[in-house]
Amino acid sequence: MKNTKKVDNRHRNPSEVTALDLKQAELSQQMASYFEKCIEKLGFVPNVLLAYAHAMPKLESFVSFYNELMLAPSGLSKLEREMIAVAVSAENRCWYCLVAHGAAVRQLSGRPELGEAIAFNYRVADITPRQRAMLDFAVKMCRASAEIGEPDRQTLRDHGLSDADIWDLAATASFYAMSNRMASATGMQPNPEYHGQARQKV
Amino acid sequence: MKNTKKVDNRHRNPSEVTALDLKQAELSQQMASYFEKCIEKLGFVPNVLLAYAHAMPKLESFVSFYNELMLAPSGLSKLEREMIAVAVSAENRCWYCLVAHGAAVRQLSGRPELGEAIAFNYRVADITPRQRAMLDFAVKMCRASAEIGEPDRQTLRDHGLSDADIWDLAATASFYAMSNRMASATGMQPNPEYHGQARQKV
Amino acid sequence: MKNTKKVDNRHRNPSEVTALDLKQAELSQQMASYFEKCIEKLGFVPNVLLAYAHAMPKLESFVSFYNELMLAPSGLSKLEREMIAVAVSAENRCWYCLVAHGAAVRQLSGRPELGEAIAFNYRVADITPRQRAMLDFAVKMCRASAEIGEPDRQTLRDHGLSDADIWDLAATASFYAMSNRMASATGMQPNPEYHGQARQKV
Amino acid sequence: MKNTKKVDNRHRNPSEVTALDLKQAELSQQMASYFEKCIEKLGFVPNVLLAYAHAMPKLESFVSFYNELMLAPSGLSKLEREMIAVAVSAENRCWYCLVAHGAAVRQLSGRPELGEAIAFNYRVADITPRQRAMLDFAVKMCRASAEIGEPDRQTLRDHGLSDADIWDLAATASFYAMSNRMASATGMQPNPEYHGQARQKV
Amino acid sequence: MKNTKKVDNRHRNPSEVTALDLKQAELSQQMASYFEKCIEKLGFVPNVLLAYAHAMPKLESFVSFYNELMLAPSGLSKLEREMIAVAVSAENRCWYCLVAHGAAVRQLSGRPELGEAIAFNYRVADITPRQRAMLDFAVKMCRASAEIGEPDRQTLRDHGLSDADIWDLAATASFYAMSNRMASATGMQPNPEYHGQARQKV
Amino acid sequence: MKNTKKVDNRHRNPSEVTALDLKQAELSQQMASYFEKCIEKLGFVPNVLLAYAHAMPKLESFVSFYNELMLAPSGLSKLEREMIAVAVSAENRCWYCLVAHGAAVRQLSGRPELGEAIAFNYRVADITPRQRAMLDFAVKMCRASAEIGEPDRQTLRDHGLSDADIWDLAATASFYAMSNRMASATGMQPNPEYHGQARQKV
């Protein structure tokens, strides 16, 4: 898997747990081709993938789970799922995810200030009431998941979400509850390319 | 997939989001045989699996991710991984996971009071200092993941954990940060069989 | 007072503050006969009583206060008062009280899962709306007693509680705010007999 | 029991739960003489006693418990026990107890600013390191009793507290965890006489 | 600037940051005359001014800002602005500001218990619903300013506040968010004269 | 003052409190020329100034206070003072200040990722240990100013800060405790020009 040699690792802190030696990783065929696709499309392999690359089955589970939640058909648009990712990551102050998914919100929306607004305080963002309700639910899941009950789900239904939409919302917010903690606990550094992406209004 | 008809759903609240109709689920061959194995081994299909069963790829990702983290070889024993699951679920007060994984701790340890201690307040549990350090790290991941840094990881190394062990610890704690929230957000009910399991000292 | 010799102290940590030497305690006649009654009825003297036994007047005050609140006639049933004890102890994560009073809820209700539900997250418990309102009030007393006011009490009245019932609810929740802290601050260990009690559905 | 007619109830809010009609109370002989002693000594019956006076056994338990903890011989001086009462009540923002016990600290110490310092932020108070350690422990008991362990108790021993002193400290702090919540939950109003007491340096 | 020699510095802790040597301060003419006016009117120079006196432009900015907010014409009375100062300082447990502005509330209102009520728990204070709404807003600004939005401002308008009044309320609460932290971070000690002031009902 | 007509107000929400009509403002000569200087230098008048412009003395106090703290000579560099502004604003999730001062950090440092790191989680930022200690102190001032004491100040001295530096650090952090709350309470919108500024590595 020579392509990963192109990955810019200069900004990764070698003393971090995540620096499990990629050279030792023997990428499965499936993952090798997935990494190549990343490089084609993004110009780099997101560091989160490298962080899982020491154990192929874990990497594969993570990738398939991620793709299912963020890219599969859903009543929530891809932008909305990225907005959830950012609002949750803001609540958890996750450096890696705020940089990577903040860029995604800017890119998908074409509105650079929207990515900043959700990363800084989603309550000020210029979004629809339905989206606001979704983010309120996601943030309550961060802060006090044990206090969520039917009234919270009913509020979402009142904004037009189906039960399947609520499931997708819950699964997305939960996924970043996981990813944020994994990134912070292992000291993941976001790829530096993200910072400048999609900063100008489209 | 007729076996799931045997699943005791009496105690599940039909108004909950999780009650996405299992009848509509068309289990993949792989998942059908996994469910059958559950019934053989446990006597029932854990409700968390039913909660994912409306979408086969999501269920498959979840199952493979779960099995990788909780059952694959690791420097952390299976009991230790269950202890992490319970300590995290206690922090998040997750009804489903405390019942299901509390039972697992009782079963794997043969010490019913250990399952209760970790579910109620892991700081009182009669565990090794290394295990205490692991649970302290897991709970810090719950409460203030953004504040975790090298000193926290160094404390774990001082207790003999390798960087790979730390990765597994972080991944396990993160997984329950996700599962707890998914369970609470969708109103999952634990299978009633868990309550009485492994209550007598072995 | 020879009967206390039968008390199983094996599981008590001798380095804990609570291990004030019972042998030095000279039980008053009243307390000696109370301890004997405990052994007859429960098979053991609850460790909380031993923790007060170094000072007879303190033990007597505690016992009479406890019995007044938990056993005297009240608009709240004994089970409801135990439910309050458990919900408060869960909020405070009190190992001793969760074990002892969780057993009491299981026993008085004949529903083992009810004891677990209230100990883990009372919001999921299958209880009446009136009981839910009582536990919500008790938990608000734990978290933010200074913010309680007439509207909170009115909510209870709307669920049918009289002012005397509210007084009893407040007194019970307050009592465990005290007992939880006393137990945690002094390192009380629950008697091991509690763990297995009333685990099977009646 | 005519003496209670002298009690100034003008400042009590008649809509509060605590206004359980004293006229209906039939004070036991013991309590009647205790109330008379209060009026002699303080000029009034503290409202907290009236709040318990609808049920003689509860009032008697409360009074005996209180007197045991606050007035019985102890390694902690009476002033120190009042300082604990105020520090705990400040943490819980208990109007009743801050007024009543703040006055006690001013009176017992002869230092009006000491009562204010502990009521506002005990960390600025001009007290001994041993007293500071006691108040730190008491406030940790308020905030995170489940996290207290041997290291916390050892810190107290390092400041010269015996295990019996620690027991008394824990019991006093716990008692106000209870009293604060009882006062706030039932809307107790402090007797107005306290406000002006002991305001001038002795 | 000889007048400042009269300032009672005995109670200031010389090890504190605030003890930047006043002798080195060369008071501007404007500030020298302001200090003289303080001594005439109050009998002393408030220590907060000394804490800024090492840098004349900072002192002048602070003084003019303070006077603009607290003394200039506004839809909020001077007493109401002092009540806001105390409620905010209570939330932040600021020793200096609670002592100084608590005295101001007692003085301006002629009600010693009002100063104590707002300093201890403003929710119990005998104030108008409009004032309660103002203090609720101020305290929300302390705790969760990022969550304030139009509904919070509308609540104030419903109590009769104009947008200019809301601006003044916000500016006053914000000012003490600053002053409280400055005082605590630098260890400011309140002038001892405040403690006894206005303690008797007018 | 015609220049302010050039100010881009399109992105300001007209229903917000801050929209106090600038047209009514009669800028003092000093402030008119200050606004002109802003337009020359930045291309716009920062919205925070407009928010104060309905009352000249308040605007003048704010401006002089701000300039004194952020621009006057100090042991802390201008970049360091902006870093403090951003770390505090992140703690308070202040939309306005994070956008405006995040841009300043990017600009003054020439490192776009530094602005993001401090805005998202300053603990991951690549800064000196002295700067880390400064930001830790500033964030403790946000969260628990009442708990700050000599040990916290000593830590700063151990990193080479003089008492005057500590004063400046405290004053800067305090200033944003104020500004963040003022911005959030009045719904200030940052000028849109900030978002794209200094996004490319110098």
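In this document, chain identifiers A, B, C, D, E and F correspond to the written order of the chains, with residue numbering beginning at 1 in each.
Please note the rule applied: contacts are C-beta pairs under 8 Å (C-beta built on N, C-alpha and C of every residue); 3 or more make two chains touch, one makes a residue touch a chain.
Bear in mind that the values here come from a model prediction, so they are computed numbers and not experimental data.
K.L.:
What is the set of chains touching both chain B and chain C?
P.N.:
Both chain B and chain C are touched by A, D, going by the contact rule given at the top.
K.L.:
Going by more than half of the contact pairs matching by residue number, which of B-C, A-B or A-C reproduces the interface of E-F?
P.N.:
The chain pair with the recurring interface is A-B.
K.L.:
Measure off the straight-line distance from the CA centroid of chain A to the CA centroid of chain E, and report it in whole Å.
P.N.:
45
K.L.:
Could you tell me the distance, in whole angstrom, between the mean C-alpha positions of chain A and chain F?
P.N.:
Distance between chain centres: 29 Å.
K.L.:
As a quick test, compute the distance in whole Å between the mean CA positions of chain C and chain F.
P.N.:
Computed from C-alpha means, the inter-chain centre distance equals 52 Å.
K.L.:
Indicate the residues of chain A shared as contacts by at least two other chains.
P.N.:
Residues 93-95, 121, 146, 149, 187.
K.L.:
Pairwise, which chains touch?
P.N.:
A-B, A-C, A-E, A-F, B-C, B-D, B-F, C-D, C-E, D-E, D-F, E-F
K.L.:
Tell me, which parts of chain D touch chain E in their complex?
P.N.:
Checking each residue of chain D against chain E gives 90, 93-95, 98-99, 112-113, 116-117, 119-121, 124, 189, 192, 195-196, 199-201.
K.L.:
Could you please specify the touching residues of chain F with respect to chain E in the complex?
P.N.:
Of all residues in chain F, those touching chain E are 15-17, 20, 54-55, 57-58, 60-62, 64-65, 68-69, 72, 92-95, 137, 141-142, 145-146, 148-150, 153, 163-164, 166-167, 170-171, 173-175, 177-182, 184-187.
K.L.:
If we count contacts the way the header does, which residues on chain D are in touch with chain F in the complex?
P.N.:
121, 123
K.L.:
Within their complex, state which residues of chain B touch chain F.
P.N.:
146-147, 149
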